[in-house]
Structures are given as structure tokens and as C-alpha cells.
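Heads up, the next two complexes both have chain A, just with different partners, chain B and then chain C.
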Partner chain A sequence: MTRSILPILTVVAAIFVLWYGAAVWLNAAWAHDKAGRAGVELSFGELVADTWSQDKPKLPAPHQVAVELWDTTVEKKITSKRSLIYHSWVTLSATLLGFALGTVLGVGLAIGIVYNRVMDMSVMPWVIASQTIPILAIAPMIIVVLNAVGISGLLPKAIISMYLSFFPVVVGMVKGLRSPGVMQLDQMKTWNASASQTFWKLRLPSSMPYLFTSMKVAMAASLVGAIVGELPTGAVAGLGARLLAGSYYGQTIQIWSALLMAAALAAVMVALIGAIQRVTLKRMGMA
Partner chain B sequence: MGWIVAGFAAWAVGWWANALLARLPKSRATGLAVPVIFGLTVIVMWECFVRGLDVSSVILPPPSAIAARFAASTGILWEDFVQTVVKGALTGYVLGCGAAVLMAIAVDRFPFLQRGLLPVGNFVAALPIIGMAPILVMWFGFDWQSKAAVVVVMVFFPMLVNTVQGLQSSDRMQRDLMRTYASSYWQTLFKLRLPAAMPFIFNGLKIATTLALIGAIVAEFFGSPVRGMGFRISTSVGQLALDLVWAEIVVAAIVGSAFYGGVALLEKAVTFWHPSQRGRA
Partner chain C sequence: MSRDRGDTGVTTETVISAKGLNLTFQTNDGPVHALRDVDLDINKGDFVSFIGPSGCGKTTFLRCMADLETPTGGSITVNGVSPEEARKSRAYGYVFQAAGLYPWRTIGRNVSLPLEIMGYPKSDIADRVQRVLELVDLAGFEKKFPWQLSGGMQQRASIARALAFDADILLMDEPFGALDEIVRDHLNEQLLKLWDRTDKTIAFVTHSIPEAVYLSTRIVVMSPRPGRITDVIESTLPRERPLDIRDTPEFLEIAHRVREGLRAGHAYDD
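The block that comes next holds the complex of A and B.
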């Protein structure tokens, strides 16, 4: 791990250099335009300074986004509608609810598929087919329809998150529940273990590594679902709403700060699952 | 009431038929018939319950209405298909996957870059990249170019990570053998390492098919000309023309499955030597 820190830092530094460079390149047109109207000639230094500090740049420089992030998280009260923490919480709660529903549904389906031959043959192909469908496309419809029935707020978004997150869990858990070898299953048989004992003492424990791996994928998918689910609600609250409002009013800095916040959320949640995975597997003696 | 009874009857018949088929020895025919019967059962039940419970077509139209709408508006659907899938998704898919493979080959020559780029790439691949859509729409305009750009960004990192991993998958012995043949870097690349990487590359290509369609459709929610699947879905939802929305979803489903199936078939032809393919023959 330590020997890859230097390369990672190099790559990250390269990304920042590219970002600043691209900001100059993309915003130069507007800077020249402004200078032309004011009738002044820009030196290179002035050009760079201007491109890095515009109000509505095509590409905001990293420090502008950082300032915006600082302003909207630390300087604002959490209850304020301008606080990014408030919007993040709206998105995160939908994400977590959808993730929980999706994990439960996924594990349930996986158990059914592993234990019931009819389900294995009839449901499994459809589970796979359901993911080749660009399901996010129906996100607006789910929101509007559920609204018409009288369900609004958290649940519709969570349902979209659930749909996106159950798939990796089903596939991972089916693999995991089937991972015990013939030898181990035979061993359970020689101990006269019942079906439920085999499940609780052999199949479920040995599926844990698979469960955690697929939960990480599911969490990332769930966040995407929640963000897209916020788009058609008319930009009320949440990170998706910040993205949409930003794109309506050309507030690029706001879009980038919402984007980075979403990235940070995803990273933190995945890291959290990773930590739980390490602790659990260690206590189970598997890591 | 009759419709609801019919719905339960359809479920019972479908399940019974599948239970019967599942007990037969496993073959290609039963493997295909069981999911088909399951799907048909679901559609028949949907139809029966929507009619029996008098669900408003604003909430959930019955499959027959969707089919009728589909048949009546093939012109619109085709126009949207060309705009979103052919221009947006396919262009972006080819550009993004191509760029990622080239980049992976370049990165592969420098272990330093590889150690740095892989973790960063893995991290970026897990991010909600779809959020880039409004920014790219702002940069590239409302037409298909911005949708292709979103698709490029979405497929790039999963593809890069998979290809870099694939290029490392040939083992020492095989590479040493190429050395004893005095083969050059490029010969080793084309004759050993790229073929060995194919299972990984196709894994990435398969993941990218779904991402490409999602990217192209969602990007249209942030602004598009007056055609395209995402545009049609979001405006028809506003007009409560849900049968048209469902018709678009049927198109998306067919395209998505066909796209994935096409890549899977290609994979079968290219990686016929791989254990996961040999077993199934």
C-alpha cells in the first residue's frame, strides 16, 4: 500500500494541473470577450487570473469549488435550504432506505433462487435481463405515478435506489450461497444437519465475503438512483435538485460542488462498508 | 371480479407449468421455455389486475394499451431511437471504449502510472458520474454530441480498469515463453496479452452497454432537442401519456437486451478458448 501512495499522489496532482489548465482554456473565450468590450488588452497573467475567478465559468477552478463547498457546508446552518449538508442528507436518507430495501429484497430473492429450482430457472434470467434495461429511464414515471397515488417524499426515490441496488446483491448472494463445496455439504449431511441448520451454519457464513463485495457496488448504484430520482420532482431538495437547478441557471460552481459532495458521499459510504467488512470477516476468521 | 380470478388462474397455470418443466432433465428447450412462461404469466396477470381493479391508465396502463400505442407511433419511436441510441449512445460507446483500451495499453507500459491510476480509476468508477451530465450538456450543446460525451465519460473508467487488469492476466510462464521466441513488445502484445485480456475487456464492454444507454437517456433530462427517448419520456410523463412512456421503455428494454446480447455473442466468438465459455458448449 505504502509504495503506491506516491504514484496515486502523482496522478491526483496531474488531475489538478489538467483541471487548472482546462479552466484557463475553456474560460478564455469569455475573458477575452469581456476585455474586448472594456477595450483593454489582457496580459497572460491577467488572463489566467480572470479565468480562475469568473462568476459563471464554463469550468470553475478547483479552488472556486472548494470555497463554495466551504461556504455551503461550514458557514451555513444545517437547516438552511442553502446548506449543502441539508441537501446531502435528503439524498443520503433516500439512498440508505433504498439500499436497505434493495439488500433485503436481493438476499431474499437469492435464497429463493438457491433453494427453489423453479425460481432459479424462471426468475434468474429475468433478474439479469432487468439490468440490461436502462431502468433510470423510468425514474420520472415512477415518481409521477407514486405522486398520483399519494406517495411522495422519500419513498419514490428509495424505490428507484432499491431497483438499482438489488441486482448486484442477488448475483453476489446466489454465488455466495452456492460457494460451499460438495465436501462441506456432505459433511453437514453426515452430521444429520437439517436444511435450516445447513443454511445458518454453512451457506450463510460462507456467503459473507460475496455479500460485502456486492453491497459496495449496490451502495454506489443506490446513490445514483437517488440523485436521478430527484431530477423530475422539480428540483425541491437533494443533490440531484442542486444539479438541475444549477444547470437551469448556469451556476456551474454549484453543480461542481454538488457533484463533489456526491462523490464524497459515495466514497464515505463505500469505505464504511469496507470497514464493516474487515471487522466482520476478521471476527469470523475469514480475513 | 372475473378478471382478478383470471389473473390468479394465470399465475397458477404458469407456476404449475414451470414446476413441471423444471422437473424435466435440464436442456436448452426447458432453459428457454421456463423464463418465457414466467414472463408471459407476469404480463397476463398485469393485464388482468389492471382491468379487474380498474386501475386508471394514468397510473398503470394495461399491456394491450401499450402494445396498441407502440404499433400506432412507430414513427416517433424510430426517430427517438436514432437520436438517442444510434447518435448518442453508440457514438459515445465506441469512442469511450476505444479511448479506454488505448489508454490502458499506454498505462500498461509504465508500472508507476499503473499503480497510481488503478486506485484512482477504481474510485472514479464508483462515483455517480451521471452527475457530469448537466455540465457536459452545457459544454457541448443540447444535441447528441453532449449525450455522446456523457456516455464517453461514463464508460471510460470501468473499461480502463477492466482492460488494465486484463493486460496483467497473462502469467509469467507465458510471457517468458514469448521472450524465448525473441518476440518484440508489440508481438507479445498482439499475440499473447491482448487475447489473454479479452475476457476482462468483454466484461468491461458488457458493463458499458447498460451504462451507455442510461447515460444517453438521463443526459436528455437536462436538455435536448425535441426528439430522443429521454426527452419523450420526461415530456410524456408531464402530459400523463403513460402508454407512450411505456412504449419508449419497451424500446429501451429491447435495445438494451439486444445490445448486451450482441456483445455477449461476440464474446463467445472471440473467447471460445476460455473455461467459462467451453463449459457451456
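The block that comes next holds the complex of A and C.
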């Protein structure tokens, strides 16, 4: 354990050093400006202190973001519109719904591709094409179109999440369902196994490591999708809304705290899938 | 052909019959004649070994019997019906060259897999798994995963899996190829005992002359390009075969004939 902790701490420390240094460097101009207008000369110590405590810094210092995070999570009621937990939940719920939809769609398409020759030939190019369209271009259209038919709120964002997250699942599951070797399939044939028996007893279990790996990618993509889905409509709630509002009003501290929150959410969700993966594969004797 | 079964005295019934069997693979380098005009009858209770240089079509022939390969000419029947019907009635157990156990299933659940697929009742499955694992000396290993076992034990488990259901025919493709001499001797002895006790019909592919002679009632010598049968040698050894029968003059005489047969096949090739 200690062997893995030390390198991690080293990297974290390096990041903080760089971050504080960059804050001084990027915010120095504004500090000098202010001092010049007030007609005072800044010592190095004063300069550093100023760059680490501005209201709207170009790059907020880590402790400023930490304080903002503390204020907007622990200090606020969860129901408050200013609570980051509330906004996180808005984004997370869309993420999870989109992830679930994307996984189901991805697995479904993969089964179709593996079992149906026509789908094998026709679907994959479309799946790949769908991902070459920039999500930022297509997200507003999805939101607008769905709004026009009276669907708003969670579902449009979840659909954008799904749009991003089904792709890794399709690719991973096609590979996974095709991973049994010729011999294993021949074996099934000698036992005169039906197609569904071959699926449940051979193809699906073989694909499990692939499924979990692609679900981790899908979860991260799903979160990006939900946040992007909150940008174009000027949504009032969610991490995307916080990012947008922050950039309107130059609230860099708010932007960074929302970014960190998003990163933390993604890390937790991916770690959760990793844990489920370990338990499942261990029980299956595959880890 | 028909033949006396010595100890039982019952005349024989043909289980596998190939007549003018041909199989040509179309490959990018042109056609490959894996089997050319193969004629062979295997009788009930026979232990037939197939021996011959690499690429002579041993596996292909076995796969034809198992309906894993479709002949391009001639005819083949298994239990009097087409290989496909025989496969669908689960007439045979097939042991592949590699053990091919499922890594996510324990040894016990690997052995029970064909039984689950064939719809055996739950209580019956447990009994059968127990019984065949004892048969291959793996009792007590049912909770272990394949990777926790040695290669030889895995191969034994895969044999147990082929024995778990009531198929009268056993098709084995170099099942002991990857094992060391001692384990191989041991499994040969056990296979022979099993065959003697159960009256199964066994088709067995091997590269080892002593193994073929020790196990078989008949040895089929094949040669490549095109794959065909060049010799069929009837064994004169008794059914009861202790391991040291391999030092008797009779055994060595048969081994010598097999070797001669293999040489002849090679000469034809050159």
C-alpha cells in the first residue's frame, strides 16, 4: 500500500506546486494593474498574496477552489440552488439515466451485430459515423427538437449522454461476444447447444471483461454528455449550468469548483464500476 | 466388415461407416485435399487409433464424424444416420486437443456444462459429475477453477466432461498430446479400463506409435497430400493389457508394422 501511495503523493504535490506557481504567473498582471492604479509598489510577498486571493482570478489558487467547494457543499442545504451537491445531483441523474440507456442500446446493438449478418454489414459504419459528428453541434438540436415535442428536463440530457456512451459499449461488446474461440463454439455444437444456450453460457460470460472495460469509458462519456446537454439551453441547474453561469460572470472560482466536482463524480462512478467488475470477475473466477 | 469380439462372442454392428469420403478445402493457395477416397468401418466396441504425419487429415476425419466439417464427396454415417442427426441425438462425446475448459466455471461446473445444456435433471447432474471426476482421479477438485490445475489435470477434466453424458461414441483428438510420459501412461491405462468396462466405441487420434498399439483394437495409418488411409492394422493383443505388455514381442511386432506403414506413406510422398 505505502509503495503505491508515495508516487501518488509526489504527483499530487507536484501538481499543487505547479498550480500555485501558475496562479502567481497568470494573475500577476491584474495584481500589478491594481497596485499601479492605487499608486503602490508591491513587494514579492504582497504580490504572491494578492495573486492567490483575487475575486475573479484568471486561475484561482487551489485553496480558493477548496473554500468555494466547502461553502457550496457542506455549508449549503442540499435543496438550495446554490448547493453544488444539488447541481451535481441534477447532472448525475441525467448521467446515470443516459449511461443505463446507452449500455442497454450498446449491448443490444452488439448482439444484433454478432448474430445478424445484415446488421453486421450495415450498423457499424453508422455507429462510427455517429461519433464523428461533434456532440456540441448535435446537442442543441436534440434539446430543441425534444423541447418542441414537449420533452424537457432530464430526458433530453440523458439522450445526449446515451448518444456518447453507447459507442464504447457497442465496440467492446462486439469484441467480447466474438471472443470465444472456434474450438469453444465447436464444443457447443458437439453438445447440440441452442443459439440461446451458446449465448448465455458461452458468449455472454466471455464478454464480461470487455463489458466492464467499455462501461468505464461509457460512464465518463456519459458525464460529458450530460454536462454538454446543459450548456446550449442555458439550463438553470446542473454542473453545466454552473460552468456556463460562471463563464458569463467571470466567476472562475465557480467554474473550477464545478470542474473539480465533475472530475470527482467521474472518478467515483468509474471506481464504482471497477469495484463491481472486481467482485463479479472474482466470483466468476476470471480475476 | 464384421469381426468377432473375442470375449463377448457377439458379432458386430457398424457404428461409423465412411465410403469414398472426400473433403477438399478451398484455400487461397488452391484446393487442399484433406481426405481422398477414405473407406472405413468402425464397429461397436472398437478402439480405433488414427496415426500419420501432420496434415494427413486425422483431425478432419474426426471432425467429419462429429459433423463439424462437411465432406465434399462420398458418404459417412454414424449410428446408421447422418453425422448431423447423430450429433443432434448427442451420440458422441468429443475431446479436443486442448482442454478448452471455461475459465469462469469451476471444474465441477465445467463438467456439468454439457449436462445442463442437454437438460439433465439437477440431482442427476451432481451424481454424474461426482462419478466421472472420480473416474479421472479428480474427486475433490470440483470447486477449483481450471487455472488452479495443471495441464494434465485440465485435460482429465475435459475427458470427464465428454464422459459425463451417455454417448456410446468417444471421439478423441490427441487428448494426451501435451502431457508428460508418466501421466500419459496413467491416463492410457485408465482410458483402456473405461473402454473395457463401458463398451464405448472410441476413435482416437495420436502421433505416438506405442500409444496407438497399446490402446487400439485397430490402427489406421494415414498419409498426407492427399490425406488417405494407407494401412489398417488389426491388433492381436488381448483386451486385458497391463502396461508392461509394451515389452512383449507381440506388441513390438505390431509397433513395427505400424512404423513400416508410416514409412511407406512417407515414401509415396517423396
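In this section, the second predicted complex is superposed on the first by the 280 of 287 C-alpha atoms of A that agree within 3 Å, B and C clash if a C-alpha of one lies under 4 Å from a C-alpha of the other, contacts with A are read in each partner's own complex, and residues count from 1 in each chain.
In the analysis below, a contact is a pair of C-beta atoms (placed from the backbone, for glycine too) under 8 Å apart; a residue touches a chain by one contact, two chains touch by 3 or more.
Just so it is clear, the model here is predicted, and its values are computed rather than measured.
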Chain B versus chain C as contact partner of A:Pro205, first or second or both or neither: second
First, second, both or neither for A:His63, with chain B first and chain C second: neither
Contact breadth on chain A, by residue count: chain C or chain B: B
Touching partner for A:Ala263 - first (chain B), second (chain C), both, neither: first
First, second, both or neither for A:Arg82, with chain B first and chain C second: neither
Partner chain(s) touched by A:Met284 [first = chain B, second = chain C, both, neither]: second
Contacts of A:Lys34 with chain B and chain C, given as first, second, both or neither: neither
Contacts of A:Lys189 with chain B and chain C, given as first, second, both or neither: second
Common ground on chain A, meaning residues reached by chain C in one complex and by chain B in the other: none
Touching residues (chain side chain B, partner chain A) in the complex: 15, 18-19, 21-23, 30-31, 34-35, 37-39, 58-60, 112-117, 119-120, 123, 126-128, 130-135, 137-139, 209-210, 213-214, 217-218, 221-223, 229-230, 233-234, 237-238, 240, 242, 245, 248-249, 252-253, 256-257, 259-261
Chain A - residues contacting chain B, complex: 3-4, 6-12, 15, 26, 58, 117-118, 121-126, 129, 131-138, 140-141, 144-145, 148-149, 216-217, 220, 223-224, 227-228, 231-232, 239, 243-244, 246-247, 250, 252, 255-256, 258-259, 262-263, 266-267, 270
Contact set on chain C toward chain A in their complex: 66-68, 87-88, 90, 92-94, 96, 98, 100, 102-106, 113-114, 116-118, 145, 147
Footprint of chain C on chain A - complex, ascending: 181, 183-184, 186-193, 197, 201-202, 205, 208, 284-286
